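Labels for the chains are A, B and C, by order of writing; each one numbers its residues from 1.
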């Protein structure tokens, strides 16, 4: 019970307490948007038949109507169905990218900050050089090498965000390492391993939601960018906002707005929502960190 | 693998802890450029030759102002800080270089309590889990009979609850699942005490353990510590800046100043008749909570000097009201005196134009020197001698010569007498007055 | 509070003693609700506009804080601090401001050559002296010192208190000393105000308070002091209350050993039990 409470309810306490402040409102809007997108991503494809997303399912370039609320595109696919299925694609890439980056970046950052010394210096150097490389270019390079597909795109994007997780985790670890309770842990006879996991990791984890939501927003954009460049997913994926946007571009000149507006709108909505969440959490959690140190 | 057991000769057998000429020097972090320019490495002489013993069952008070090195001594005793040199013995065993599993085993027997209870508790652990965590850390030491994780967990919980009750952290069942942020300052310090106590240590180092607590609860926590001592036969190293608290709780007192123990002995005698001028000064400034007993105080001058370059001889000499000519006067004492003299326009007159400016003076060990200006060197020497007439007698007596060498004015001091701890009645004092 | 006296305000963490000091200076956080009046030379300070307050601060009332480093700007030399403070209130040239700054520093025992140094180049005690010099450079008639010596060593603490005492006489200034240290109060104050949980519980001359305290909290606080003569430890049961939901009636009743039912129901008024000695306790006369 205590375990459940401390893991599930406690993290939301600041969010609940701050619900009337600007960061609190931002976070809740962002969280709401994210949850809405997740629901669409899970249940949308169940409700909308995949057949509608295939080429030549309908006449081409129909304007929005009752039958096709968002119209059809240049090769006769229902834009609404594409957008719904695209949500699932985007969320999957986001989840794979952000989770992989977290799984790799967090432990390395923790270790680097905790061990310090030469190990730390080398890791920081490596991560910084990766970070200094233009993100989209790096992802495009990797994508070109390992090929298309949701999972591969996820990996390509991961590489960009590992340094971000690494940096934040490491810095947080460095400051937590100096806390009195860590010294107290040493005085109690805890092994380094125990100190790292029981005394430091718990207190570093709270910065993760912030980087997660901030980098997730970026992930969506990068994924869309890759698809836009034609380096993203396979051609037969049932929904891909970036590619759809890229395909729609050539029709824009002829006054056909619906094929580009709706995928673009989805990208904007999701990234703005995630940014709200990230920035809001950042404003809430950072003062908390400072207060704990004071 | 076990560490070699070394018996210390000539020490009482019942001594639980002994420090033998302990030194801890911290490197000063300098900017890169300065590091290149400076040849010798700058170090803070936090602890500079401290020796004392604590007998089993006694409370030794280590008293001094902030930055005197008392916390560093405490942290060295529990091996949180690596001594630069010297030896530490615990129950006859040399623990100075203990490492690995031996050090972990030692930690069960020596525990430390820090000043800030809030910062000592992990914010992410509940009170119960935090107090019980040492048992998990040392679970292998608690026998194979409790090997099952479930059974061990139950046993830990029970022991935590018992300890919480013992330190007055009640109602224990309710507080068990609370987080440190939900507790008051007094309760948090009780939790810290419980966590230290649960391993049943022999020695407890209390580093300013009650200083952050409010007056009205401080006494309660002190009482708890005394009570625990009686019940568990604990030995305390009680580190504090508060002489009044130390008087109440300690059997013996060690007074520290700038990394050295200046006086150590039975509490009762030291309070009744302090010998070292620093001890006297400290005792004098304790406020007396009675408006009818206000009195004039003779305060030491200035503040504690920089520990990177501690004063020569007795470290207290530049501030000491009872200073002698042999206490360690050196070049920079003269520069400081001159600085003070020149900054008072009434006394200085035209002195600055002859022996100034103060920035021109350099102190190197026993010598203070001035690269002379076009002005006559002889005149400057003469003026220095006039000014010195106003200096403290002890300082004037300590000067070997004021001379002119080529174009340099030099003030040279006699080397100080060797300072050593002297037995005075039943205590040790490090002061030339008693040597 | 009278002219030229030293009033000590004592109480434990969170009793509202620092808030009191800030309220007098009108530097409480925006949005704080203030009720009641603060009378300074017959004027109600709570009615002042920001503009008027700015003039008042420094010229009439000055404040020194516990941690001098929080008030001194690390990027400004000591001299700049003085010039800024003086010129904010008086139309004087920089040269004259500098001369006055120099005088102020010398009176605090700090070498005038150090006037161009930055705050971090001074020791803790020197910084506190600079703060005091800065607070006094405009010769205010009231100085509020909020725990001025708490972060200092005991010997330096005694030095600073001595300086404050001397200056008070030299400038015939009133001093409001906010502290948790009753020993200091006994040594330097003329009168004492004891706060508990945001309320004034007792006010009287330092002798009244220390020799015949009327409020049980004052009594508890006095007996819990650990001093050199202490033979036995005393403490007050329980811990200070939560100020979001303070106890009903007398705020001290849950920790008071003399509490009766009336203490839970009725807020005790501040009564003058003997000339100049006030206490907010239903049973104050019992301890006379």
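Assume a contact is a pair of C-beta atoms (placed from the backbone, for glycine too) under 8 Å apart; a residue touches a chain by one contact, two chains touch by 3 or more.
All figures in this text were calculated on a predicted structure; none of them were measured in a lab.
**Q** Which of line, ring, star, complete and other names the graph you get from chains that touch?
**A** Contact map by chain: line.
**Q** When you take the mean of every protein CA atom shown, which chain's own CA mean is nearest to it?
**A** B
**Q** If you average the Cα atoms per chain, which one ends up farthest from chain C?
**A** Using the mean of the C-alpha atoms as each chain's centre, the farthest one from chain C is A.
**Q** If you average the CA atoms of chain A and of chain C, how far apart do the two points sit, in angstrom?
**A** 52
**Q** List the centre-to-centre spacing of chain B and chain C in whole Å, with centres computed as mean CA coordinates.
**A** 31
**Q** Chain C: which residues touch two or more other chains?
**A** none
**Q** List the residues on chain A that touch chain B in their complex, please.
**A** Residues of chain A touching chain B: 2, 5-6, 10, 179-181, 183-191, 194, 198-199, 202-203, 292.
**Q** What residues of chain B sit close enough to touch chain C in their complex?
**A** Residues in contact with chain C: 65-66, 184-187, 214-220, 222-223, 241-245, 247-248, 271, 281-283, 285-292, 294, 297, 299-300, 303-304, 339-340, 343-344, 358.
**Q** Taking the complex as given, what residues does chain B use to touch chain A?
**A** Spelled out, the residues of chain B in touch with chain A are 78, 80, 103-105, 107-108, 111-112, 114, 116, 119-126, 133-134, 137-138, 177, 179, 192, 195, 199.
**Q** For chain C, which residues count as touching chain B in their complex?
**A** Within the complex, chain C touches chain B at residues 12-13, 106, 111-113, 123-126, 153-159, 162, 180-184, 186-187, 189, 206-207, 210-211, 220-222, 224-228, 230, 233-236, 239-240.
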